[in-house]
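What follows is a group of structures, each given as structure tokens.
Both complexes shown next keep chain A, but they swap its partner, so chain B is in the first and chain C is in the second.
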Partner chain A sequence: MRQPSYTIALIGNPNVGKSVIFNNLVPGARQHVGNWPGKTVEKKEGTFTHYNTLLKLVDLPGTYSLTAAAEDEMVSRNYIIQEKPDLVVDVIDASNLERNLYLTTLLLELDINLLLVLNMTDIAEEKGYKINVKALSEKLGVPIITTIATKGKGLVELKEAILKAAQSPTKKRNLNYGKKIESIIASIVELLKKDPEIAKNYPLRWLSIKALEKDEQVLDIIRDSPIRAELMEGYFMNANKVLGEDPDIALADARYEQINKIIEQTLVRGKRKWTFTDILDKVFLNKYIGIPAFFALLWAVFQFTFEASAPFMSLIEMFFAYLSGLAAQIPNEIVASLLADGIFSGLGFILTFTAPIFFLFFALSILEDSGYLARVAFVFDKLMFKLGLHGRSFIPMLLGFGCNIPAIMAARSVEGKKDRLITILTVPFMSCAARLPVYVLIAGAFFPANAAAAVWAMYIIGIFVGILFALLLRKTILKGEPAPFIIELPTYKMPTIKGSVIHMWERGVSFLKKAGTYLLVGAVIIWLFSVLPWGVEPGSGESLIGLLGQTLQPLFAPLGFSWQIVSSLVFAFLAKELVVESLGVIYGVAGEASIQAALIASITPVSAFALMVFTLLYVPCLATVGVIKKETGSWKWTLFAVVSEIAIAYIAALLIVTIGGLLV
Partner chain B sequence: MITPLCTLTYGTQAKIKKINGGLKLIKRLNEMGLTIGTTIKVVSDSCGGPVLIEVRDSRLAIGRGVSTKIYVEE
Partner chain C sequence: MTSTIKSTKKLVIYSFGIGAIYLIFGLLEFARGLSESLSIPWKISTVLVSPDMFSGVTLVIVGLIFLFEVHAQWKSGKDAGSFLAVGTLLAAVFFAVYLAIMGAHAIGAGVYMISPEAYAEIFVDWAEWTWTTDMRPGLWLFVFTLPGAYYTMKMWLSRKKKT
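Then we have the complex of A and B:
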């Protein structure tokens, strides 16, 4: 393998288009893109070639500064400061120049090789902004490229500029922070020069500024220096006195002052227009209709998922019934049974649910790409704050509707250790796409007239239980105040059919991959359990699966679950899709209708509803348990999550059966 | 008159006068564009909940806990 000649890092505020740029430059890259801040939570590396030079590109999580507040921002800071890439590409939202340039000033202080990208110039133009790019570049002393990343505009120029800047680093230029601050910085620089060890290794202006800001890592650097005492007592005290306020604040003010000066000369803002975003926010963020609007949208999502997928489901089902029929004619009895009863009835059955899963992903990606997702955090913050929780947690929670694994990782963008932990423990109650087949099957059998509504209810119960559980944690073992909630709301963007289809396709394909691997192996194992010891009636009480189910069934007797259901719940510890898969194998019949008939014959509607809720709430899958371990770094919390999920699922199901028993 | 940000209603413009909080919070607000003297505009208030403001060309949602600590003058 050829070693890359240069390393280039993409940094910038959250949601400015870094990952879109990364995906465009690196062939085959598929970084998650969506319209809310905090998608990329860990660094991602890739390579591309330009004129035969191999370059390594690193996509970093978005950040507002280089003094990290959340886990994901820490990654970016550390990368820039410790790994020292050859070139740092600072991506800027051209429609939000002023605040975005703040990070740029911090990067300029660092004295690194810098290139600016003004992205989203289309939105800036819509807003009526006219930016004098040449003047801006001169004033900042940094080359600038303008792009519209989503349309691929300016990316060839960007590659060109990246290579050029990597080969011949630009000279640094310092912004002038005004007499008072500059003289303090100068005097500290003089003092630092007295320590040859430090003077040799660090850019002194940057070190002085960071020392003034009491940056912990920088204070560590100075800790053992002979000049430490003098600096701490003499110089810092003096700085406070001269500035009349904390140097941190004075510096932030000075930076914005510089930015404003530069912007005055380079940016003409048109008249503020009444935008699309203003209108939509008036509705979606309204204090009375915000929350009802959210539930209505969610309802629309499931209605759409159901209606759109129904015809596709019957088609896929017919296809597998046909295959299963063919396989049954194979002369070798074992092969015939494996194919007909194991693969086609089990795996084939779960594959019929590919249709609703794809449509759900499609609907969810529209919510993500439009910019609505971040709004939900706003809408629920009032309620969450009253409960002592964090509105930001809602973003990972909603992501959990697709798949819990990335959602748990997304909790890294939640500030505050306890808030993050609470979010991680709450996400598994959010109903992921893998649970959808169970609902579709059961709701279709028992509540055919209100199937979409029953599924919708599952998602709401999930949110409700999640919030209650979070509240319980907050009041008992994770006591404390929620970290401050501040989130930037992106402008709404019209989701494109193409974009949403690509999103749907990528996630749908990962479901199909899972089907081709885990679920296939699962089908074979379940089939083995159902036919061994060889000779018994497949899937009957005498088979292994029957023995397993019957042994555990008494535990679930209060819930009214048959042993068939109990066995399928056991297998579903690995992945929730296996509930449906094992029912397909156990009942040994192909097709939704016949399995539904078998279910109706074995449990009551109340127990069926309890089964849906139980499936919703107990451990999502083995992979989620793995991610909880990885993200919390603790077996204790992982075990706690698993045990509490099972307990809560059981209690909730029992409540439903008890209350339902009284009503029916 | 100086009041906490959370009391402002839809459409008001105001200047930030004071932030009552630890240095950590102040720094966080600074880097997101909220410094003393900045003009902000309330785009959505939700009475008891978070406030949505426009500041330096961006839209920030400020939670209840924080909005009671930011003091502004209309």
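Then we have the complex of A and C:
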């Protein structure tokens, strides 16, 4: 491999289109794109060539400032400051210049090679904005490219500009923050020059500004310097006196003053016209109708997932029934059993659920791309904040509907250690796609008339248990106030079929990969458990799986679960899909209908509902446990998560059986 | 907020009418769903009122959105468009979902008819499917929202032209 000649970082506010640009420039890149702030939480590198020059591009999490408050913003800040890329590309939402330029001023302070991208110019135009790009570029002293990333417009020019800017860095120009501030900065710069160690390694104007702002990391840098005492006592005291307010506030004001001046000279707003975003938000953010509208939409999602996917499930089932029939003819008894009873009834059975899973992903993609997801967080925030919880948590929670793992990682965008921890601990109650097969199977068997509604109910129960659990944590071991919640609501965008299909596919493929690996291995193991010791009736009480189930069954007797179900729950600790897979193997009958018949014979409808809730609430899968450990960095919290999830699942199921028993 | 969709009295009356229809059919669906789950059958065609409590509730919600500010709009003459537009949008979402379901079930029924005997059992759920099986208020009520959708589109297009 050639060494890349230049490293280029993509930075900008959240949800401005950085990842779209990254995906467009880097061949084969698949960064997650959606219409809500805070998707990218880790830096991602990729390379592309332009005129034979190899360029390394880095997609960074969105950030509003370089004073990091949340984990993901920290990543961006550290990258820019410590890794010192050759060029920083600041992506700006052209329809929201004022807010976006704040970060630009911070970057200008940093003395780095900067290139500006005015993205989303289509939306700016929609709003009636006219931007004088040339003037803006002159005022800021940096080159600017305008783009519409989603339509690929301006990207060729962007490549060109990136290469040019990387090869010949722009002479930087600082914004003038006014006499008072500038003279203070200048005097601190002079002082810092006295420490050669510092003078050599950092841009001094930036260091002075950050020191004035009492940035913790910068104060750390200065801590061991001989000039520290002088700085702290003489200069800082003086700054406070001269400015008459905290220097960080004075600086922020000065930046905004500069921005406003520049905007005045370069932006013509035109008459503000109504947009569909105004109209939609009037209803979706309405305090009375917003939440019911959300539940109605969610119900539509599950109606679609459950009903429309059913014939496709049957098609897949037909395919495996055919294969199973073929396998049964294989003369070698063991091979025939492994294929027919293990692979095709186990793995094949779970694969029939590919249909609803893909349908669900398709529907969720539409919600995500339209920009509605961020609204849900917003309407729930009022409620959540009253309960002492952080509204931002709601976005990771909703993402959990797809898969808990990225959702737990998305909690990095939640500010505040406690809020983040609470979010991580509540996400596992959100019903991920792996649990869907269990609901579809059981709801279809026991509540055929209201199956979609029963599935929908699981998601709602998940949300409420999550909120209650968060509340409990907030009132006991994680006491405190939530940080105030600010979310930038993205403009609504019409989701395209193509975009949603791509999203569905990206998520769905991970399910198929899982099926080809873990679930396949799982099927073989479960099959082994079901036929050993060799010679017993497969999947009967004498097989290993039967012994396992029967040993543990007394624990679950109060819930009315049969030993077959208990052993499937044990396997499902690895992955929730294994509930369905092992039931397929244990009952040894092919097809959804016959397994449903076997289930109906073995448990009551109330226990069946309790089983759905139990599956919903107990530990999602081994991989989630791993991610919780990684994200919390603590075995204590991981163990706490596992134990509390099991306990809550058990208690909830017990409540259902008890109350249900009284009613039925 | 600078929403400049002018509301005429006509528009407000229209919102009220359509909201009322959605509300009524939603309540009927809910009532029938409830009563049939208690084994009290109704003699009306399911095309007109399908027995489904949850779908009934969603129709009620759509109806309420149409009706939400009718009173205030009538008095102030301001902004009837937003709630009309969003109500229409939600109605369209449900229409699309029910249509997709109907299409999917039609496929199921088709496969049942042509599949070899050994596999027909798998598709037995759709053995007696006809297009009326999945016909429900959420589908045909949508027709009534079309004038509103047309109106919103027209406002949107004329707004664009003004640039």
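In the analysis below, the second predicted complex is superposed on the first by the 664 of 664 C-alpha atoms of A that agree within 3 Å, B and C clash if a C-alpha of one lies under 4 Å from a C-alpha of the other, contacts with A are read in each partner's own complex, and residues count from 1 in each chain.
The definition used in the following text is that a contact is a pair of C-beta atoms (placed from the backbone, for glycine too) under 8 Å apart; a residue touches a chain by one contact, two chains touch by 3 or more.
From a predicted model like this one, the values you see are computed outputs, not experimental measurements.
K.L.:
Report for A:I477: first if it touches chain B alone, second if chain C alone, otherwise both or neither.
P.N.:
The answer is neither, since A:I477 touches no partner chain.
K.L.:
Counting only touches as set out at the top, which of chain B and chain C does A:D278 meet: first, second, both, neither?
P.N.:
Touch partners of A:D278: chain B and chain C.
K.L.:
Quick check for you: in the superposed arrangement, does A:I289 touch first (chain B), second (chain C), both or neither?
P.N.:
The answer is second: A:I289 touches chain C but not chain B.
K.L.:
Which of the two partners, first being chain B and second being chain C, lies in contact with A:I334: first, second, both, or neither?
P.N.:
So A:I334 meets neither chain B nor chain C here.
K.L.:
Look at A:A300 in the shared chain and tell me whether it touches chain B only, chain C only, both, or neither; answer first, second, both or neither.
P.N.:
Only chain C; A:A300 stays clear of chain B.
K.L.:
Examine A:F378 and indicate which partner it touches, taking first as chain B and second as chain C; both and neither are also allowed.
P.N.:
Touch partner of A:F378: chain B, not chain C.
K.L.:
With the two structures laid over each other on chain A, which partner does A:A449 touch: chain B (first), chain C (second), both, or neither?
P.N.:
A:A449 contacts chain C only, not chain B.
K.L.:
For A:S309 in the superposed arrangement: first (chain B), second (chain C), both or neither?
P.N.:
Second partner only, chain C.
K.L.:
Please identify the positions on chain A that touch both chain B and chain C, taking each partner from its own complex.
P.N.:
278, 282, 286
K.L.:
Per the contact definition, I'd like the list of chain B residues that touch chain A in the complex.
P.N.:
Residues 23-33, 35-38, 43-50, 52, 55-66.
K.L.:
How about chain A: which of its residues touch chain B in the complex?
P.N.:
Within the complex, chain A touches chain B at residues 64-65, 67, 69, 95-99, 102-103, 246, 248-249, 252-253, 256, 277-278, 281-282, 285-287, 290, 374, 377-378, 381-383, 385, 391, 481-482, 484-491.
K.L.:
Within the complex, which stretch of chain C touches chain A?
P.N.:
1-5, 37, 53-55, 57-58, 61-62, 64-65, 68, 79, 81-83, 85-87, 89-90, 93-94, 97-98, 100-101, 103-105, 107-108, 111, 115, 118-119, 121-126, 156, 159, 162-163
K.L.:
Going by the contact rule set out above, which residues of chain A touch chain C in the complex?
P.N.:
128, 272-274, 276, 278-280, 282-284, 286, 288-289, 292-293, 295-297, 299-300, 303-304, 307-312, 314-315, 317-318, 321-322, 325, 449-450, 452-453, 456, 591, 593
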